[in-house]
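First up is the structure itself, then whatever we jot down about it.
Labels A, B and C are assigned to the chains in the order they are written; within every chain, residues are numbered from 1.
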Amino acid sequence: MTNPLRYLDTPLRRVNAVVVTAALAFALVYPFLVPPPMIGVGFVALLYALRNFTWNIAGGYVGQLSLSHIVAFGTGAFSVAVLTWRHEVNAWIALVVGVLISAVVGFLISLLMSRFGVNAFFLALGTLALSLAAAGVAASWTFLGDTNGISYSGTEEGFAHLQWYVDPSGFYYTTLGFLVVITIGIAALMRFTHFGRSLPFIREDPVIAASMGIRVVRNQALAMALSMGLTSIAGTLIAQYVQIVSYESVLTVEIGVAMMVGSIIGGAGTLAGPIVAGIGIAVLEEFLRSFAVSSANVSSYTQIAYAVVVILLLRFGTGGIMPLWEAGVRAVFGTGRKPPAVPEQEQRVGELVDGRVG
Amino acid sequence: MSTVLQLASTGLLQGLLYSLIGIGLYLVFTVMRVVNFAHGYFVLIGMYGVLSLGPKGFLPFLGAIVVAAAGGALVGYLVQRFLLESGLAKGGHSQLVITLSLGIAIQYLFQVLHPEPFETIPNPYPFEAFTSSGVTISAPRMAAGALSLVLVLLVSFLVYRTRIGTIIRGCSESLNGAIHVGINVRRVYRLTFALGCGLAAIAGGLLLPIQPVSPALGLELTIKAFIVVVIGGAGSLWGTVAAGVLLGLAEALGSLYAPGTFATALVYGLFFLVILVRPQGLVVRAAARITPRKSLTKVGVG
Amino acid sequence: MLDVANVAKSFGGLNVLSDVTFTAESAAITALIGPNGAGKSTLVNIIGGVLRPDGGRVRLDGEDVTGVPSATAFAKGITRTFQISGNVGGLNVFESVAVAAYRQARGYRQANALARTELERFELWEYRDQQLGSIPTALTRLVDFARAMVSRPKVLLLDEVMAGLTPHEVDLVIRQVGTCREQGVAIVMIEHVMQAVEALADHVVVLNQGQVIASGSLGDVSRNAEVVEAYLGTPPSASDDARVPADNSAKGQW
């Protein structure tokens, strides 16, 4: 493999590399710098980041604005609740089961939507209806705890059991590990594989993508499967941490929308955007709590803040935190590449037929 | 048997209210192609609006509804003018996320302002429940159904038999044609959106004495509005009415067989299937029905 | 070699194409000309798999490819150019070419290498980091062309690639199209710019109102009365460049 340092040929990439390294270093030592409750906050922040990121795989990269990822989140949570808490199956196995079920569901949903030629609006509406149906089923099915949910039972502890009772550091580092591995994996996928590189084309113009030999329906379904499968992991982690799972806690539309909105605010289609936005909202929540705002109102205020921010972002077309960051860095440091010479405007021949050009 | 009759009557009347809620969404969708995910939350504005005004008596109640409707219409106008308009020109899916987020913001705003769930007001009408052949209908429900029907008729009259209605329909058919004839399309869009939201708020006011309000109701009503529009939208305005009544009946009679949350889950699941099968039907056929068959200067019969 | 036989297409009762038959030989350029609305784009969409014909057959080197989806058509060697519209403006130039290179490439490194070669050939290498929407419109055409060429197609469908280009750019593209022909590609070229048609076309097919009204060399078809009438019937602004020279022999082109 060629020298990776050659990749750092623009100021933006160099700045980003520095920031990422610093952030990673900070994340690694963070639990040693703060009291245990704050480690829990850190865990939640990383969890928000993780589920925003996994949503973004289908939502931002492929442009499938799905409100069904909450079903994946819920599947991960219920999987560990049913398999591990009730039947003492190892939590990691439950995690994998959750991932597999969610991936299959995601694959099928995307296939169905493609087969029936569903456009973006109906995709959002349909996935919303589906997730509400799932919540309703969970609320009325004793297998899934109906309205009361399923409570934790178990005694094991440690990484092999994905559970820590007193010190949240275990959860924190596990989530950090997932986040780092998944981010690197997806980045590599997007850069090095035909599948990953085809996704922006599918997003922008599926017809052109198909004419470039991209198998649009298949890739969309695979992306959705990957996206929902990975989202399930976040559900499993939060279930182990909170130790109770019910339709009201893991199958709500609010969480489903938060994943979407978080990615958009951070910058849909970027790597870091969803992560930054996820951590940001956790910080905001903690900030509000520190002002002795009641916990019910904290979640209300953050929801309102989220909504207002994304509305303003979309209204003024600024594209999110990461695009703003990139524009800012470029403004301060320059682009680092010689701007290409624009060819002189010679006399043009030929008809601009139907005004289609440009 | 009387249970069935009772449920059917209740369902029918509730369905008329759903039709009213759906009509507003239908107008916005067919005229402007805007997907208003916040529509059910405007119903909520109506409900909380009337609740806050705390009317005592029938006329104050009507007055409160008018005020709440005006408020809802005003908010709708502002939303269209300042949030949605620029995005519509650009295309893309911003209106989807904007209206969805708007709904959530409204929900949590009411969550903060009215932390107590399930508030309602007592019967504001000057008559009590109506009983006949084993069927009892409460006054608010009777009135809501009747008033919804009246309002739907009024809207139908407005859209199909007035000059304003022709203008609105003209915008839905051909944007270029409308501009060409000198119609201020932006103003029409703003008014249509305001009208849709205002109708939703009125429905909310009518709904309040029947169903206790809580912020989460917004989402449920939004979905129901979409169900009504997607299923009924293939016909004219009246298709929406039929779909609303159908929804009300299905909901009421369905409660006989499947309890609470599972029944709702079934409804959503069925809705998902409908979406798969019908998405083309909504835009294509609805546009065909709402358009005038004669020229823009003549008022045609729909 | 591309064989189009009796292709027909209607949209909601409107006959857009009727009984269209022609052959595009390998290592040759077949120009598809005709007034606006003649159905040329529809025909190219059918060959490329974006639309399915209501009748007729399309054969590539003897293999029936009628109605195959466009991704399959691409895999079999049918490539086309596109007008680059607003949506795809955010995409990266290099990626646009590299993704298409996977038809010929085994993996990431080779695809990137092929893309680089193609971009350099079109003098586009310095724009590799740019977005399609930020480079001059004429250059987006060259990128589109590079993207088509990098897949080493058997059939290349060019949809008005010359429109809006400067003479220098037209010459550059003409040269590249010629090179393609030498590599054995069957090229079908929808074109209004007569400079290019004159310079490149080995065979000309004239389409009017969905039907082939003439085919042969440029000289032959330009003497065809029906062809002349079809063009003179269009409004002056559209036909200025589409007008076929009445007498070719005097120009000594051939």
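One rule holds in what follows: a residue touches a chain if its C-beta (ideal position, glycine included) is under 8 Å from a C-beta of that chain, and two chains touch if they have at least 3 such contacts.
Please read these numbers as outputs of a predicted model, since none were measured by experiment.
Enquirer: Please list the single chain whose C-alpha centre lies closest to the global protein C-alpha centre.
Expert: Measuring from the global C-alpha mean, the nearest chain centre belongs to A.
Enquirer: Farthest from subunit C by Cα centre, which chain is it? Let me know.
Expert: Here the answer is chain B, farthest from subunit C.
Enquirer: How big is the gap, in whole Å, between where the Cα atoms of subunit B centre and where those of subunit C centre?
Expert: That pair's centroid distance is 50 Å.
Enquirer: Could you grab the centroid distance between subunit A and subunit B? Build each centroid from C-alpha atoms only and quote it in angstrom.
Expert: 33
Enquirer: Using mean CA coordinates as chain centres, what's the subunit A-subunit C distance in Å?
Expert: Chain centroid spacing, subunit A to subunit C, equals 41 Å.
Enquirer: Multi-chain contacts only, two chains or more: what residues does subunit B have there?
Expert: In subunit B, no residue touches two or more other chains.
Enquirer: Name, in rising order, each residue of subunit C that touches subunit A in their complex.
Expert: 36, 48-50, 69-71, 73-75, 79-80, 82-83, 85, 87-88, 90-92, 95-96, 98-100, 102-103, 108, 111, 126-127, 129-130, 135-139, 147, 151, 160, 162-170, 192-193, 195, 238, 240-242
Enquirer: Across the complex, what residues on subunit A touch subunit C?
Expert: For subunit A paired with subunit C, touching residues are 192-194, 197-198, 200-201, 204-205, 207-208, 210-216, 337-338, 340-343, 345-354, 356-358.
Enquirer: What residues on subunit A touch subunit B, complex-wise?
Expert: 65, 112-113, 116-122, 124-126, 128-130, 132-137, 139-141, 146-147, 253-254, 257, 260-261, 264, 296-297, 299-301, 303-304, 306-308, 310-311, 314-315, 317
Enquirer: Given the complex with subunit A, which residues does subunit B contribute to the contact?
Expert: 35, 37, 82-83, 86-87, 90, 93-94, 96-98, 100-102, 104-105, 107-109, 111-112, 115, 219, 223, 226, 230, 259-262, 264-266, 268-269, 271-272, 275-277, 279-280
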